[in-house]
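Look for chain A in each of the two complexes below; its partner is chain B in the first and chain C in the second.
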Partner chain A sequence: MFADGLFILFTVIAVTGAAGLVLFKHPMNGAMSFIVTLIAMAGLYALLSAKLIFAIQLIVYAGAIMSLILFIIMFLNIQEEDLPVEEGRFKYLIGGAIIVAPIGLFLTRVIKSFPGAEKTITVEGFGGIKEVGLILFREWLLPFEIVSILLLVSLVGAVVLAGKRRMVK
Partner chain B sequence: MTLQDILLIIIRVAIGAFVPLCFVAVSVWMERRGASFIQDRSGPNRANILGFRAGGLIQNLADAVKLFFKEDVIPAHIKHKFYFVLAPIIVCVTALVSFAVVPFADTLVLGDKEYLMQAIPTDLGILWFLAIASFAVYGIILAGWSSHNKYGMLGGLRSAAQVISYEIPMGLAIISLLVVYGTVSLNEMAQFQGQLLFGFIPMWGVILQPIGVVIFMVAAFAEANRTPFDLAEGESEIVAGYHVEYSGLKFTIFFMGEYVAMFASSAIIVTLYFGGYQIPWFNTATLLKYAVPVTLLLMIATPIIAKFVAAWIRKNNVSHYERENDPRVREANVYIKIVWGAVILLEAIFFLYLVFASGGAADNILVACLQICTFLAKTTFMLFVYVWVRWTLPRFRYDQLQKLGWNVLLPLSLLNIFVTSAIVVALS
Partner chain C sequence: MIQSYLTVSILLFCIGIVGVISRRNVFTVFMSIELMLNAANLAFVTFSRLHETMDGHVLALIVMAVAAAEAALALAVVILLHKHKGQLDTNVFSLLKG
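And now, the complex of A and B:
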């Protein structure tokens, strides 16, 4: 089926990008492969017909946050000789993979035993912008507002911390 | 899928892809001739094919040929060649794709089927534009970074900082617009703007959101890296910024990308604030109702307009000094013949429509064609505004640019949101 093909394509791209993020030595290569992963994730959201999440994933993660990260990488202007020598990192990688593997197997089993894993989306307009907005502001208003206050607090905290360091100088 | 479905997909994608590319030529021409008009000189008007200069458009052809045949150098010091090649492609492709959700006509109804007249028929609308527009900065960052020299790096840094800080007022201006329209879909926004305010003023965004339009346009100019916000290039300070190492075809793609982005953002400005494809006072329903009188009016109007155009060509397309057998007059004769030929063709089409096809699906197609023409005319005017601003205002200094973004536009757009929401709540 066409949707299955797309799913396989996006997952392969996402996993390849994630592997690139871990394996590439240069930070720019890592950041670029992470962008690829984020875009592939957006594709997966679109396949789940979560339109709003798809757009937000592209705007916020793939667009705004990653461009800030690229900005920082460029700002610091890291050269090859600035990077630390990582001897035996593949040893760590393989060792880590072996340690993590049982957890991965456990997780796949958990997901397989979820009730209703075979279900497909049936509601008309699921994941649309208007529908998500209505649910968010009608049924989940209090959690939504609390999360926004949390974000505001972290914003103010970042400004305060940045200001403090300057005063010490 | 029927043949009609496939045909309409091809038409829509073709319009979405080729119109911006064709408008690259138009806007480069407009940039040069507009600049020379504002600076009181003639501009490029000599390049010709067999004596035909097409008002300077042939110069673009000459430039294109020059750029195609230039050597395409990748300097030896560049380590990340992949990113160096990728950067111009990102800039051009994102600009092209961001146009894909702009509707160029109202929903076309053929029989019992409806077709959204945009290259990608989705109702994501403005969110798609924001998402894709934020990718364009990657092209500039990668170009500046992989060029591996100080000027390129400075250009990339400036551009990234500028785009990030101007995305905020742009997003906030869009939020107040969403409060007014109550939708993110660009087609529904354009339909909303077909209504009339107090019964006689077209309900365009520019009338409902006078502060928002200023904020959005300033931010759009900054996003498109156009003067007065072209610090990323800044020829006098950092030579050409991020594309200092580029030559030949890769530079051409950067250059095209800039103009495609200019076209796409003009189209978005027109759709958000200037009624999109709507003809003022004639929304789609009215046009469909009065299809026959409108056609008759057009049949009368076209020859009159053509007469003025012909007189204008006759007056301007002459040599500025005495010449025997002035070749420019001969050229003008051909142009005038082309104009009248086009008029005859149009009249024939209108006549055939009136006699054979009026009242059916042809009405819808006629309205769609009229709306596409309106949309392109409005967008062309907005492109001229870009040129106009470029050759009128000097470049900002970097600190002035950031001050304008954070100290003026950001509070203003927040205030705009509060005022707009208060009015919308009070009226509902």
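And now, the complex of A and C:
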């Protein structure tokens, strides 16, 4: 199956990028690796026939948010000597993996009990802009408005925090 | 099919937790949190595909908006702390603890 091959490809790319994010020492390498993960996850959304989420993942996440993070990393001009010393990094990573592994195994056991929808063809227009928009503005109107207030608050907060001129020293 | 997508979601979430608890670079910790949000998004979209309703897509959109707000605020705080301390170590930033 073509879709299965694409799924395996996107999964391998996503997991490799995520591992790179955790393993790279410099945050710039980690951010580049994370962008690869985000693009592969957009492919997974497309395989799940979520067209709007696919586009928004590429435009907003991989485009806007990650370029903001990359901009800040370059703005701070981080050199090798500015990075925190992490000699026992791999020891901590292996320890963290050992701690997290039981949770992951438990969740894997949980999802084994779910019924699987095997390759059913979705309804007409599943995940398109019009259908998702109708649900968003009919049934999820209040959360949508609350999110708009949250964005306004974070905008004002970011301006107040980062753009503060120090009058009193 | 559904199980394999959820397994990918669990795998990415566990990698995110490992990144948060074992790294000390503040940017890596922040991007690991973003990775965990993305894994949750993948689970939302997968369940939405399973039940053939689009509520999961709306929730994924809201999670993305929250992630954008979080990115703006967290990066402002990082800039401020870097101005004060000149370092990117999360141990140095423990002055925020109560």
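What we mean here is this: the second predicted complex is superposed on the first by the 152 of 169 C-alpha atoms of A that agree within 3 Å, B and C clash if a C-alpha of one lies under 4 Å from a C-alpha of the other, contacts with A are read in each partner's own complex, and residues count from 1 in each chain.
Basically, a residue touches a chain if its C-beta (ideal position, glycine included) is under 8 Å from a C-beta of that chain, and two chains touch if they have at least 3 such contacts.
Quick caveat: nothing in here was measured; it's all calculated off a predicted structure.
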Clash or fit, chain B versus chain C on superposed chain A: fit
Contacts of A:A64 with chain B and chain C, given as first, second, both or neither: both
First (chain B), second (chain C), both or neither touched by A:S49: second
Partner chain in contact with A:Y92 - chain B first, chain C second, else both or neither: second
First, second, both or neither for A:L141, with chain B first and chain C second: neither
Touching partner for A:M32 - first (chain B), second (chain C), both, neither: first
Partner chain(s) touched by A:M41 [first = chain B, second = chain C, both, neither]: second
Chain B versus chain C, judged by how many residues of chain A each one touches: C
Touching partner for A:I149 - first (chain B), second (chain C), both, neither: neither
Partner chain(s) touched by A:L83 [first = chain B, second = chain C, both, neither]: second
Chain B versus chain C as contact partner of A:L21, first or second or both or neither: second
Three-chain overlay, closest Cα atoms of chain B and chain C, distance in Å: 13
Chain C-contacting residues of chain A that also contact chain B: 52, 56, 64, 68, 73, 75
Touching residues (chain side chain B, partner chain A) in the complex: 79-80, 83, 122-124, 127-128, 130-132, 134-135, 137-138, 141-142, 144-145, 153, 156-157, 160-161, 163-164, 167, 184
Interface residues, chain A side, partner chain B - complex: 28, 32, 35, 51-52, 54-56, 58-59, 62-64, 66-68, 70-71, 73-75, 77, 80, 128-129
Partner chain C, residues of chain A touching it in the complex: 7, 11, 14-15, 18-19, 21-22, 24-25, 27, 30-31, 34, 37-38, 41, 44-45, 48-50, 52-53, 56-57, 60-61, 64-65, 68-69, 72-73, 75-76, 78, 82-84, 86, 89, 92-93, 95-97, 99-101, 103-104, 107-108, 111-112, 114-120, 122-123, 126-127, 131-132, 135-136, 139-140, 143-144, 147, 150-151, 153-155, 157-158, 161-162, 164
Residues on chain C engaged by chain A in the complex (per definition of touch): 1-8, 10-12, 14-19, 21-25, 27-28, 30-32, 34-35, 38, 41-42, 45-46, 48-50, 52, 54-55, 57-58, 60-62, 64-73, 75-80, 82, 86-92
